[in-house]
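One chain, subunit A, links the two complexes that follow: it is found with subunit B in the first and with subunit C in the second.
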Partner chain A sequence: MDAYLIAIAIVSGIYLLLALGLNLQFGLTGLINFGHVGFFCVGAYTSAILSTNGVPVAWSLLAAALVGMLAAWPLGVISIRLREDYFAIASLGFSEIVRLVATSEGWLTNGVQGIAGIPRIFSGVTGQSQAIAMLAIVTVFCVLAILAMRRIVRSPFGRMIEAIRDNEEAVKSLGKDPAGFKMQVLLLGSMLAGLSGALYAHYIGYISPDQFIPFITFQIWMAIIMGGVGRISGTVAGVIILMVFLEGSRFLRDIAPFIPEVAMASIRLGAIGLALMLFTIYRPQGLMGDYTKR
Partner chain B sequence: MNLTRRQTLASLAALAGSGLMPSLTFAQDAGTFRIGALNPITGAGGPYGTGMQKMIAAAAEVVNAAGGAAGRMFEVFAEDTQTQPQAAVLAAKKLIEVNKVQAVLGTWSSGVSLAVLPLASEANIPLFHCSGAPALSVAPANEKKLGYRFQATNDRFGRAFAEIATKEGFKRPATMAFNNASGIGNTEGFEKAWKAKGGEIVASVVYEPAQPSYRAELQKILDAKPDVIVMGSYIADTTIILREWYQTGEENTFIMPAWAGNPELVKALGPDVVEGIISVDSISNEGSPAFAAFDAAYQSAVGHPGLTNVYAAMTWDMVTVLALAMEAAGPGADMAAINAKIREVANPDGKQVSSFAEGKEALKSGPINYEGASSVLDFDEFGDVTPDFAASFIRSGEIKREYVVTL
Partner chain C sequence: MTGFAELLLSGVMSGLIIGLAGLAVTLVFGIARFSNAATGDTMTLGAYGALLGTTLTGSLIFGGLVGLLAGALAAVLSYVLVFRQLANRSPISSLLASIGLAFFVRAGLGLAFGHNQSVFQLDIVRPIRFLDLRIQPNDLKFAAIALVTLVIVFIILHMTPIGRRMRAVADNPLLARVSGIAPRPVMFTLWAMAGAVSAIAGIILGMKTVVSPEMGWDMLLPAFAAAVLGGIGHPVGAIVGGLVIGVAQELATPFVGFTYKIAVSFIVLLLVLLVRPRGMFGRVEGVR
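And then the complex of A and B:
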């Protein structure tokens, strides 16, 4: 049981880093990013390629965050000024391009065969202590990211991006440049996604392009919508809710043995869909949403 | 309905709690042996996963009806990999840690098996899988030799294609591969073996999945005037490619794996289009008693012929091989002892058996050799099977096996 709970906690932490980045972009700035998984993919491949070629894991993690951030630069330059829904399409396209590059550039990414044998973060320890060490690292990154987010929300920068979200025209009329701020937000969020991807690669130990499908992006979207958009506590709650649904439903069969094994998988997806609908009907601002504003 | 934040939080906490509680009350029953059925119910493996899982349950019932393996009844815990490594890792951890399964059976795609095998090895339990990637044979993935592959590697399929192309006297082969590890593994295995025989490939193309048309890719291949096109493909894309190929009026033929060239393909396209196609399969031992038993179970559980799901035949064999190895190791044997017996009960030089009950009886008087429903199941030192391959030709809408290729 312990190892299973630790595994859930590690995956939740990896999702939380992704969700924090997306919350910064969508929740605080209003940037609709449907291509979050692209930066996750870039980070995972960067760290996997470097570390399988002998670069120490600490450096490859750093490189993954940086490359994840840099990968957002061209997307931002081309499309940050697009109206929000157009940016959503451009970013979705971007993440598919990243996946196709990973599929096709076999010399770099080993193509569809994927990269196997990615070193663990603490290669010295094994078994349970390995998992606990991994959990510790993920937790440290999550705590740091949450502290950084709180800092951002309370800073002048945070007020500015919220203003951009609420009324971009008004911000322009004050002589500010929304595009510049949006770009910074895009880069920061992508950096978190890159780091998250690297942790994922080192935890799972094997990556291939078909792991980086848009479905991951939308799982993160589900988490922040259920938790409460624009709230850090909402992001944390949302990721927890998502994992409870994804993993908790595994145990449903143990309580309700009359459901056949094969139907269970479909019921799980159905339950998540139902929850998402109920949230949009009864709690449109999410669990931790901001109910002071309308 | 107006929920407060507090109420919502409380009910979610209750939901989470109720989900986790029963797992704490599990008791370990010495009389049962828990197996984990970890199959691709949703995702890319969806068309096969349901049948695979049902066959694990059905084969376990057969073993239990015969009195259990070494006196222990099988209890099956089922999970969905979603054909995603990350979901599979969590599912495997749940099976191993919470349900305390002692063997994990039936992972499908290579990505999933590569992610799950280290977990199973860490827990010292075997993983029986149906994945093609060569990396699964060797260290680091298979360092403890607990991984067993019930599917021929993609490379072996490719070699079989080359043998058949030689035998049929083709001179100008071209290849088309679905862009994933399995599709490319097939055609690369073919290209390697073909070039080793001194042949040349006139054209090759790798195509992206889920396209409405493959005309551009097909044209590139046909421009090189091949006499045969070797496919590393699946049924959905093959159907589209063949329809478009037929419209061009070209005369070449095709060699393809049996999961593409199957009765469903004939049904979808009609006998004229598929005339003369060579469909290659690892020998599923149709006609063998093991296959007949599997086919009957598959018909009654899923309602389709057993031939439509080669992977379900593999999961059927997984349970049977595991049960026979346990029987051979004797009552109370630990996993290491059972693992040591797996090759012994499946490889040659014993009495040939084709069901658990038969094997159980024969084990009393000497060694056995289980001949499975999916293949003759002889594991090499890496835990891989090298089945014989059958070349079947589609003639007038009927798929008929004409000869056997031994690698």
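And then the complex of A and C:
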């Protein structure tokens, strides 16, 4: 049971890093990124490829964050100035292309078979203490990311990006350049996603392209919308709700074993879809959001 | 040479399907003013509806009609239950809800029909030979259906009173409103049309390939690319855009390989957005 709770906590931390990045992009800046899983994928593959080729894990984590960030750069250059829904579609397309590359470029990514045997972060220790060490690392990254977010929200940079979210035209008329700020936000969020992907790869130990489907992106979307868009506490709450849901659906199978796993996957997909619809219609500000605004 | 011509031909066929899907996207974008990500899964719904109708009645034509009705009905229902509630909010809310709807529909179809691929039982017909070119008679029928669909959409938009109202709303919703155009009939017609067109695209795709719950989602990117390339809100443009993308995909296959087919539509999409955001036929608008 302890092992199970630790495992959930680690996965929650990985999701939280993803969600914090998306919250910075969408919640604070209003950037509609539908391709978040693409940077998660880039980070996971970068770290997996480097570390299976003998690069120490500490360096491969750093490289994953950097490459995740760099991967966002061309997307940003091309599409950051587009209207918001065009950017959404362009980023969704980007994440699908990342997955295609991971599937087709077998020499680099081992194609659909995926990369197995990715080294653990603390290869010295084993068993329970290994998991606890992993949890500690993930927690450290999460705390650092949350502190950084709080810092950003209170800084002039934070006020600027929130102003862009609330009224981009007004920001422009004051002589500021929203595209530049959006670009920085896109890169920062993607760096978090890349780091999160690397932690995921080292924790799970095996990655393949079908783990990086757009469904992951929208799980994160659902988490930040449920929790409360633009609030750090909301992001944390949303990720917890998401994990309870994902794990709860696993327990549902213990109670009702007659439901096959494929059907369970469909139920998860449908429930996330339904939640996305209901929350955008009835509670767009989320559970922890600003109750005075709609 | 024949190889090239055959690639061209199969490009035209997939282009017609992409074009129909793009037509559905562009209709909704022009009038309801958001990108409908549930278009792909409405296609899947139409294909499953047709499959069910065909097995129940044994007739492909009747099955097709069932699929068409299912698509139209689902789209109208999605308007009544979801998109009407979001009409006064930012288009992003509707886009997000449409993704939720897409997942919901796909999950429902997966639960109802399972994840195995199904096929339509089509008669195998000897291909027609024309100047060394093999043409499947079924392809001709599909192309005819696509063209008839386009013509019907065109007639509804340009030769009926409701079509004139739809174009008025597309042009300027507020002006249409103060001129006494009731939004409800316009929106119902729009969604029924968009649903039916997506269903037709899905049925043809399902008949040409296989039917699976994931088939529609994969068409989403090409459909958006076709709509943007043709100029958003421009029905003929969407079909032409679809044809360009379909042909480009097929012609690129020998060079980039089969798996990168979808990447072609992504690149077309980005290029159009960069170079000419209003597309081939679009009007100049104050948008980026």
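Definition applied: the second predicted complex is superposed on the first by the 256 of 294 C-alpha atoms of A that agree within 3 Å, B and C clash if a C-alpha of one lies under 4 Å from a C-alpha of the other, contacts with A are read in each partner's own complex, and residues count from 1 in each chain.
Everything that follows uses one rule, which is that a residue touches a chain if its C-beta (ideal position, glycine included) is under 8 Å from a C-beta of that chain, and two chains touch if they have at least 3 such contacts.
Given the structure is predicted, the values throughout are model-derived calculations rather than measurements.
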Partner chain(s) touched by A:284 [first = subunit B, second = subunit C, both, neither]: second
First (subunit B), second (subunit C), both or neither touched by A:266: both
Partner chain in contact with A:180 - subunit B first, subunit C second, else both or neither: neither
Partner chain(s) touched by A:56 [first = subunit B, second = subunit C, both, neither]: neither
Partner chain(s) touched by A:2 [first = subunit B, second = subunit C, both, neither]: first
Subunit B versus subunit C as contact partner of A:96, first or second or both or neither: second
Partner chain in contact with A:85 - subunit B first, subunit C second, else both or neither: second
Contacts of A:221 with subunit B and subunit C, given as first, second, both or neither: second
Touching both subunit B and subunit C, residues of subunit A: 100, 103, 262, 265-266, 268-269
Touching residues on subunit A, where the partner in the complex is subunit C: 32, 34, 78-79, 81-86, 88-90, 92-94, 96-97, 100, 103-104, 215, 218, 221, 225, 262-263, 265-277, 280-281, 284
Residue ranges of subunit C touching subunit A (in the complex, touch as defined): 34-35, 82, 85-86, 89, 91-93, 95-97, 99-108, 110-111, 114-115, 213, 221, 224, 228, 257, 259-260, 262-263, 266, 269-270, 273-274, 277, 287-288
Contact footprint of subunit A on subunit B as seen in their complex: 1-3, 5, 8-9, 12, 15-16, 18-20, 22-24, 37, 41-42, 44, 50, 53-54, 57, 76, 78-80, 82, 84-87, 89-91, 93-94, 96-98, 110-111, 114-115, 118, 122, 133, 135, 140-141, 179-181, 183-185, 208
Subunit B contact footprint on subunit A (complex, rising order): 1-4, 7-8, 11, 100, 103, 111-114, 116-117, 126-127, 200, 204-208, 210-211, 241, 244, 246-255, 261-262, 264-266, 268-269, 282-283, 287-288
